[in-house]
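The same subunit A turns up in both complexes below, where it pairs with subunit B and then with subunit C.
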Partner chain A sequence: MNARAIRSKAAWSMAALALAVVMFAVIDILALVAGKGAAALNGSIFTTMTTGIAGGLQNAIYGTFALVGLGIVLSVPIGVLAGVYGALFAPDPVAKFFRFVAEVMAGVPSIVIGYFGYTMLVVAWGFGFSLLAGGISLAILMLPYIVRATESTIRQLPHGYMEGARALGITPADAFRTILWKPALPGVLTGVLLAISIGLGETAPLLYTAGWSNFDPNWQLTKNPIGYLTYVVWTYLNEPYSAAHRLAYAAALLLTALVLLLHVAAKGLQRSTPAQ
Partner chain B sequence: MGETVVAFRKPVAGAAGQLQAIRAESSDAAIVTTELNAFFRTKQVLRSVDLEVAKGQITALIGPSGCGKTTFLRTLNKMSHTVPGFRQTGSVRVLGQDIRTVADVETFRRSVGMLFQRPNPFPMSILDNVTLALRLAGVKKVQRREIAEERLTQVGLWQDVKDRLDKSPFQLSGGQQQRLCLARALAVEPSILLLDEPASALDPKSTRLLEDLFVGLSGRMTLVLVTHNLSQAKRIAARTAFMEAGEVVEYAATEALFSDPQDPRTAIYVQEHSN
Partner chain C sequence: MTRRRFGSKLFAVTTGIAAGGPLVVMLVLMGVLVRDAWPAWRFQGLSFFSGTVWNMGNMYANTPIVRAGVQGAPGASFGILPLVVGTLYSSLIALAVGVPIALLTAAALVYLAPKRVSMWLSPVIDLLAGIPSVVYGLWGVEVLAPFVQSRLGPWLSHVLRIAPFFHGPVGTGMGLLTSGLVLAVMIIPIVTATTRELLAQVPRLPYEGAQALGLTSYESVRYVAFPWVSSGVIGAVILGWGRALGETMAVLMVSGNAANYLPTNIYSPISTMASTVAALLDSALTDFTGLAVHALALIAVTLLAITMATNLLARSLVALGRRGLEAEGERR
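The block that comes next holds the complex of A and B.
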C-alpha cells in the first residue's frame, strides 16, 4: 500500500468511527427513552391531567397540539407566500435578501425567540403566558424552514415548466397557479412536516411565552397559561421524585414517536414526488 | 429604418445568396434586427446582429455552441429579457413592432411560439397541456377540446393519444412529447415559431417527422430554427445564417451558404461539420 492509500484508509476509518459513535449515542438515547417511556406509558397518561408532579399528560398533549397547530396556522400561509414570492416574483437582489433573512432567522437561538416572545408578546402586548404568545413564538421559529422549503422546492422544479409557460404567454402568477404548485406540493409539505417536528421538540420559545398549566387548554387565546410536552421533559427530570421522572420519560417517548412519525411521513412524501 | 437594412451584415460578392437576401424586402420580413447587441451583465453575447427573417419561410441558425444562437432566439420573444442582467441595444422588430415598445408581453409571446431543446410538457394531462393557454385566455371548454383535437391531429399525435388524453404526457416517447409541445404552441395560433434545437434529443425517425411538420407549417408561419445539425438546415431551411462568437458571419440562401460560402470562417465550419 502506498502512502495515499494508507491516508485514504485512515480517513475512512475515522469517518466510520465517528459514525459509530454518533449511532451509538442515538441508539442509546432512543433505547433509554423507549425503555423508560414505555414502562411509564399507560392509558391514564392520555386521559388524565397532570396533578402536581404526577397524574397524566392529557393537558400537555392537547396543549402541544394547540400550540403547534396555531404555530402552523400562522406560519404556513405567511411562509408559503413568502417562499413563492422569493422564488418567482422577487427581483434578484430582493430574493437574495429574503434568503439571507431566512438563514439568519433559522440560525437565531430559540431561547432568543423565547425572550423576544416574552418581552414583546407576553409583557408589552399584554398577551400574558398564553396560547397566542406561545403559538406566535413557535410560528416565528417555524417560519424560516417553511420559507426555505417552499422557495428551494420551486427553484428546483424543472426550468422547462416556467420557460414553457412564459413562451406561451402565461404570466408567472398563472403559471404557479396552474402548473407549478402541484409538483411543488410534496416539497412544501415536507418542509411543513419538518417545521412541525422542530416546533414539537422546542422548549425554549415556550418556557417564557406559554407558561405551564395543569389543566387542559381552555381555548382562551391570551392570559391563560397552557401546558406542553417538552415542559414536562425539561422540568420533571430535575425533580427528585420517580413519579415525575416517569411522566418526563412518557412525554419524551411521545415526542420522539411523533417526530419519528413526521420524518417517516416526510420521507414518504419525497418518494411520492413525481419524476421529471 | 430597419426597412432599408440589407439582410446580411457583410456584403458578400457574387453569391446567389445576395440576390435572395436583397429580395427579402422588409414587407416580407417577419423579423428584422438592426445593430442588435446583447449582454449578460458585462459579457457581450450578440454583436451587432443585422438579420432579416423572411415571412413564411424556415430560416436556420447554425454555429458553434456558445456562439449566441439560443440567446438570439430568446431575444426575439423577449425571453432573454427575463434573465437578470440581460441588456439589449439596437433594435428588434417582430411583425413590424419594435420589441421594446411591447406593452403586453404575454399577448406578444402568444404570437411568437417556441419549442425547446428538450421537450418540456407540463406535469398535467396530455389534453390540459394543449388547452391550458386557451383556458387562461377564456376559450370555452367545448371549443378548447376541438382545438386540441385539431392540433394533435396536425402534429400526427391524435391517433396515439386519443385514448389517453387524461393521462400523463411523460409516458410518451421523446419525439411524441416534442410533438405534443408543438401542438401546445400551435394551439394559440402564433405567426412565428422559434425552434431551439428541437430535435437534438430525438432519434432520426422522430427528427424527420418533426422536420416534415415544420415544412408543412412554413408558408402559413415563419419558422426560425436553431440547429447544430447541418444536414437538417440543408433539408428544410430556405435561408441559413452562420453565427460565430455572437456575430452573424454569413447569411444566405441555404444552398449557397453550404455550397459556396463567402467567408472563410463559414467555409471551415461547414466543412468540419458536414455529415
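The block that comes next holds the complex of A and C.
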C-alpha cells in the first residue's frame, strides 16, 4: 500500500470514529435520562403536585401542556396564514423579505425573548408571572418555524396543482381552499409538531414569564404563576437532596420521551407529503 | 365583484395581515430592548464592553448617584468583558471540537456507511438537535463535568503542559472546557445534518471522475466533494456558532457561573452573556434605581445583534451554496 492509500484509510477510520463518538454521545445522553429517570418514575409522579423539593410533577406536566397549548393556539393561525401568503399571494421580493424576517426571528436567542416577555408582558402590560405571559413568549419562539414549514411545504407541492387550477380559472384562494390545503396538511402538521417539541424543551423564555407554582394550573390567564417541566430539571438538580434529583430526572425523562415521540410522528408525516 | 371573488380577496388580505405578524413582533421586540437598554448605555458608555466588573453598587445607599442624567446606585459599574470572553471562548471551543467531528460524521454517513445503516443513523443524530437544552445541561453536570475533572482535565493539563492556557489546576470540572464540550455536542447535529444533505446532492459524475483519475476515495471527498459544497458547509458552521453564542440553560448549568472573572486557563469557571441574563434578572430587580435591569437589556441587545449578524451571514452562505449546486446541476 502506498502512502496515499494509507492516508485514505486513516481518514476513513477517523470518519468512522467520529460517527461512533456522536452515536456514543446520543446513546449516553438517552441512557442517562432513561436509566435514572425510570428509577425515579412512579404512578404518584403523575397524580401528586410538587411540595417543596419532593412530591410529584402533576402541576409541572399540566403547566407544560397549558403553556405549549397556548403557544400553539396563538402561533399556528398566524403562522399558517403568513406561510400561505408567502407561498401563494406575495410578489417575489415581498415573499423574500418575509422569509428573511422569519429567519432572523428563528435566530433570536431564547433568553432574549424571555427578557422581552418579562419587561413587556409581565411588567408593562401587567400580566404578572402567568400562563398568558409564558404562552405568548413561547408563541413568539414557535412562530417562525410554523411560517417556514407552511410556506416551504406549499412551495414544494407539484406545480401541476396550481397550474391546473389557473387553467380552470380558479383564484389562488379557491385553489388553496379546495385542493392545495390537503396535500400541504402533512407538511404543515410536521412543522407544528416540531414547534411543539421546541416549546416543550424551552426554559429560558419561561423563567421570567411563567414563574413557578407548586399547584396545578388554575386556568387564570394572568397574575397566576404556573409550573413547567424544564424548570424542575434545571432547579431541582442544584438542590442537595436526592428526592429533588429524582424529580429532576423524572422530568427530564418525560421531556425527552415526548420530544422523541414528536420526532417519530413528524418523520412519519413527512413521508406522506407528495413530492414535486 | 361576485361574492366568490370577494371571498378570495378577503382571504388573500387576511393572510397578508398575518404575514406582517412576525415583522411586527420583531420590530416591537427590538424597539423595546433598545429602549430598555438606552439608560445603561448612557450611564456606562463604551466601558460596558471593556469593563471587567459587574457590580450593581451599594444597594443600602439612600441616594443614587447620577451620571449622564441616569441614576445608579453608588459604586455601580456594569462591565461585561468577562461575559464576552466567556461567550466567545466557549463557542470557539465548541466549533474547534464540534465541526471536525460533524464534518467527518457527515462524510461517514454519506460515503462510508451502507445506505440502510445511514438511513437509520441520520434521524437518530437529527434527534440530538431536538433534545431540550436542560437535558444537555443535566448530562453535562452528571457525566461530562466529572469526566473533565477526573480524567480529561488532568490528562490535557499534563500532555499540553507547555501550552499556557491548557496547563493549570483543573478545578471542579464546571467551567470553560465543559461548557465548550456541551455546546459542541449541541451544534454537531446542526452541522452534520446540513453537510450530509449537501454532500448527498453533489453530482455523481465529478466524484467518479476524480476516482477515475486515480484519486483515493478520501481525496475525492476532500478535494472534489467538499469544495463543491464549501459555502453551504461554512454557512452551517456559522449557524451552529450562532446557536452556541445564544445558548442559555445548558451553559448556565455547567459553566461554574464565574462573576467578574477572566478565565486564566481552559478549566476556569466562566459566565456567558446569555446565561448571565438568565441568572441575574432576579437580583437585578432589587436595584432600587432600576439601572441593573437596563444593563441586562443592553446585554440582550448585544447578544441579539451578534446572533443576528452570524445568522444572516450563515443563511446567505447556505443559500449561496444551494444556488451554486443547482447552477452546476443545470449546466450538466
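Operating definition for what follows: the second predicted complex is superposed on the first by the 258 of 276 C-alpha atoms of A that agree within 3 Å, B and C clash if a C-alpha of one lies under 4 Å from a C-alpha of the other, contacts with A are read in each partner's own complex, and residues count from 1 in each chain.
Convention: contacts are C-beta pairs under 8 Å (C-beta built on N, C-alpha and C of every residue); 3 or more make two chains touch, one makes a residue touch a chain.
Note that this is a predicted model, so its numbers are computed, not measured.
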Report clash or fit for the pair subunit B and subunit C bound to subunit A in the combined superposed model. fit
Pick one for A:221: touches subunit B only (first), subunit C only (second), both, or neither. neither
Determine, for the superposed model, which of the two partners subunit B and subunit C contacts more residues of subunit A. C
For the superposed three-chain arrangement, provide the angle subunit B-subunit A-subunit C between C-alpha centres, rounded in steps of 10 degrees. 100
First (subunit B), second (subunit C), both or neither touched by A:182: first
First, second, both or neither for A:38, with subunit B first and subunit C second: neither
Classify the contacts of A:168 with the two partner chains as first (subunit B alone), second (subunit C alone), both, or neither. first
Lowest inter-chain C-alpha distance for subunit C and subunit B in the superposed arrangement, angstrom: 8
Overlapping contact positions on subunit A, where the subunit C interface meets the subunit B interface: 171, 174
Report the residues of subunit B in contact with subunit A in the complex, numbered from low to high. 77, 79, 82, 84, 105-110, 113-114, 116, 118, 120-124, 132-133, 135-136, 170, 181, 184-185, 188, 194
Report the residues of subunit A in contact with subunit C in the complex, numbered from low to high. 4-5, 7-9, 11-12, 14-19, 21-23, 25-26, 28-29, 32-33, 36, 77-79, 81-82, 84-86, 88-90, 98, 101-116, 118-120, 140, 143-144, 147, 171-174, 176-177, 194, 197-198, 200-204, 207-208, 230, 233-234, 237, 248-249, 252, 255-256, 259-260, 262-263, 267
How about subunit A: which of its residues touch subunit B in the complex? 91-92, 158, 160-161, 163-171, 174, 178-179, 182-183, 274-276
Which residues, counting only subunit C, touch subunit A once they are in their complex? 4-5, 7-9, 11-12, 14-23, 25-26, 28-29, 32-33, 36, 100-102, 104-105, 107-109, 111-113, 121, 123-128, 130-139, 141-143, 185, 188, 192, 216-219, 222, 242, 245-249, 252-253, 274-275, 277-278, 281, 293, 296-297, 300, 303-304, 307-308, 310-312, 315
